[in-house]
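Next come two complexes built around chain A: one with chain B, the other with chain C.
After this line comes the complex of A and B, so read on.
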């Protein structure tokens, strides 16, 4: 009798444990499998988070997001997510600090003349207005001081099993800003081998972006003072990803992905310009940036997760390069450290990143070259730099009244990250700019509060 | 002048990533064939833990990805990078 009962329990455990490696539903089912009644392994998870991001002297962003995930326990999963971004502050326009005050137009401006002008309105009243310009003091990094933006993004993902060992997934994303619209769709296939210890996957991504810059899209490489603008622009991207996931031991899971994507179209930042300097370093003008019309990127990504009784260690690395000449390396690690009751954890994390400059990156152009229409950008994001992130997350699990045995408890978490980016391979300052910091470091802090519960 | 600004390339990390992944996967595969590696379904207690899932913290990952996408030239790797934002 006892033997029969044990076999039944083991058989249930085997059946449930082999259902899926993905999702918390498995863990729940394994524990619930002791019950004699049929087991409902479905689970819905609601997640929410709000993050506050602040750069020293630049951008501030507030980003709430919610996500709803359902898993029927048999491989069918659906996820819906919504994100809202609100950004404000000062955004660098790409120009170099100068020894004299500099005047720029806001994106909607069409003149650098900041003299007040008097107009007569249709009703016959007289009104005075000033062209939308801003003045940057000598020695200061030129930033648009009234930068504001909002973004709403919605995404959906569905995964459907085909047979016991393979599945499809489909997803789509819609992202809207008042000057940008992005539509993307993706599809993937994954198949398990070797008693589900090995999973091979392949995915395709297609993206369409519409750029509607305020005031129009600048003609790349044109004289900034002429305000040569065009209408809306677009860019398109297609990507391919191949991946392997391997269970190494009962404690160790590894994932390896290779990705390639290609974008084409208007790849410029419509709000970025480049300073033109004379031999002494005095600013003589500006030109709008001009990037290539195509970009091919390739990356390799390796992630390892190792579980111990009270800790989980994650170590990941990525190498990426593109045909713009950018090569980047990323290493990141975190350690989740549980308390003995497994209802709280602390998770320190660290990330290190380094990239080389794009071939056409130049912090300024020398007037003596006389040719301003070649490829050029002063966008620091395409320059050489290294960056480090340090983070700490604290979470507490709360079992809810009425929750099922084995059901994942609610989680409340707080995460703090600090980020610092420093330029590398700096070009020597011109004579007139000797005492001015041309490559200021970017310092940012991010605070996030999140809540998750399953039902 | 522009060439002088170009950074050092680091093929060693790519090579290390590929070599590490290949070694790991090969070891995993070979050992599985030999019956030593890979695990049986009833040995997945630790692997089924929520924090051992590759997408254990999707919102953390999304927030980080958005931050790095808007400040750095690289993105993606885990999944498809870029897109969905006019910030780069």
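After this line comes the complex of A and C, so read on.
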């Protein structure tokens, strides 16, 4: 009988091996318990969701989304996703309510004259049509009542490990609307330090947008009634992100990142106009909005996630400012409560947002200024406002037959969010508009149902 | 829950295919019940996690993912790593991948030996060195199986005992189907442990005093084949695919932990007639029944 080693050598080595099996195992396996299990590291996930978004009295959107994700378990990941948006309803055109009815042209219109027009074609036939205009009643917020849009967005993302401690990612997005086309690409690099407790990452993204407004892009700051259009326009963006993710303790993860981006080109909303008022507040005309040809934005974001046995708390804040004079702060928090079996959770969330107005934001222009070609916008999204979002999400994890809790299970979830936005720094109403709400609050509700299938 | 003698509570339950008990000295009945429940929960957890009969066990999952790269959870990875060290230390005698041989061998007390060709055909599917193991990554080749059952009971005894020791400063004895570990000694000075003679479960062949550490027993009289006067015990040598002939009926080894004692006992049986020489050379306290 040949023994590998004599005189207790096997026993001594076995004792050492037993110690490393039991020594640490006692401390760690206790907490891991049944939750840890072998995970087949390659995984494919199919995700789908449908959202319904409704703004009180304005837009309704239905947004289905599908996404495919594959992960080979060694760091190589691919994601393909498609989003389809269908918007309909009415969208504010930027003009103020007035004490008299107001007539506007739809984007395809070229005249504010609403009487029937007769055109004679080259072949001698004549056709009669009604100019595409809409009339807004006195006291009502001017909205384009037949606003309709569809958007299809496709995106792809690939992540590839280089070595055990670093990886690249590349991605691209194509977004298409009938009057808008956007192409974007991004690349990033991240590297782990400090036994993977620290991750530094850097990313660069580039975006190219083509605007093809119906009827052409208006000349910024031009008289609305003259319909000065200049065809298609474009804008470009480039951005940079730097981030650090740090494991603070076994239960606490912190993430901090800063971004800077710069957009240039035609940055106007081609469908937004600004009302011109006389000293009493009567509308005398409109001017197309005019924004600067460049925007430089900077932001900083901090997120903390703390996990307890059955609760995960996330608190995050973002500060952003740009050279248009917009400063914004966001604070958000959510709480995820798991049931004792860890197969269902309830996640209430709250988000608070506040922004200052762009330097050139003006809800109306006084006719007495005489000069309408300075920078101006009445787009409420560039005005001062604060907003709050309250959400509740409920999810059920559905384990695959024979799967263990360590594996990513399929999930069904439903989420409801309500949003309310109120304008700040309101200017006093002009006399003629004394009893009219010039800064209506925006209320919206979003309902989303999602299903993720892992296989 | 029963009072074995004044001051000594015993919690009994069934796990890992046999009767289990945990003994506590000098605690209240409620405390003993709480500790006993913990011991049972740990035994059931490990049994469920490593059962080879359950689809949803770790073993079931590993078997379903043959041919694919898997990352094992920390606890399983430690057990597989321990098994790798045992395989290396024993020159391949201790092998968690030898379960495939059960397809040929049925130890039912009969004289039906398998066809040697059938056994030989299974050997390419046996051998820890054929696994791709780079902790915690495992790739189990097609056709192969692993079974941690040879370690599971002893591991559960150690885990349960160490867990109870952090909960209670009282003397504890954990006994899962004859594999046991003590933590602390009762006032009398030692735990008394009876070792049964295989095949005669009612009689106690040996009465041992255990002051600390663990005892594990290997050998099972009911699982053998008998042909032409040769007794083929159920301990298979994974290198040949055949049972070790001439091994003792039962080997009991004392060591500081139950897994260590259990592996030494199994290795001793794998040395056949040299079992006692092996244990002697290792300087392990042991009791052998022929």
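Criterion: the second predicted complex is superposed on the first by the 398 of 455 C-alpha atoms of A that agree within 3 Å, B and C clash if a C-alpha of one lies under 4 Å from a C-alpha of the other, contacts with A are read in each partner's own complex, and residues count from 1 in each chain.
In this text, a contact is a pair of C-beta atoms (placed from the backbone, for glycine too) under 8 Å apart; a residue touches a chain by one contact, two chains touch by 3 or more.
Being a predicted model, the structure only gives us computed values, none of them experimental.
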item	value
First, second, both or neither for A:439, with chain B first and chain C second	neither
First (chain B), second (chain C), both or neither touched by A:104	neither
If touched residues of chain A are counted for chain B and for chain C, the larger one	B
Chain B versus chain C as contact partner of A:364, first or second or both or neither	neither
Contacts of A:224 with chain B and chain C, given as first, second, both or neither	neither
Shared chain A contacts, counted only where both chain B and chain C touch the same residue	10, 13-14, 17-18, 21-22, 24, 26, 30
Chain C contact footprint on chain A (complex, rising order)	1-4, 6-8, 10-11, 13-15, 17-22, 24-26, 28-30, 32-34, 36-42, 73-74, 401-404, 406
Touch list for chain B against partner chain A, complex	1-10, 13-14, 16-18, 20-21, 24-25, 27-29, 32, 37-54, 58-60, 62-63, 66-68, 71-74, 76-88
Contact footprint of chain A on chain C as seen in their complex	45, 48-49, 55-56, 58, 60-62, 64-65, 68-76, 78-79, 81-82, 85-86, 89-91, 137-138, 155, 158-159, 162-163, 166, 255-257, 259-260, 263-264, 267, 271-272, 274, 277-278, 281-284
Residues of chain A touching chain B in the complex	10, 13-14, 17-18, 21-24, 26-27, 30, 47-49, 51, 53, 63, 65, 67, 69, 79, 81, 83, 85, 149, 151, 153, 173, 175, 177, 179-180, 182, 184, 186, 194-198, 203, 205, 207, 209, 211, 237, 239, 241, 244-251, 253-257, 259, 261, 263, 269, 297, 299-305, 307, 312, 317-322, 324-330, 336, 345, 353-363, 366, 381-384, 387, 393, 408, 415, 419, 421, 424-425, 427, 442, 444, 446, 448, 450
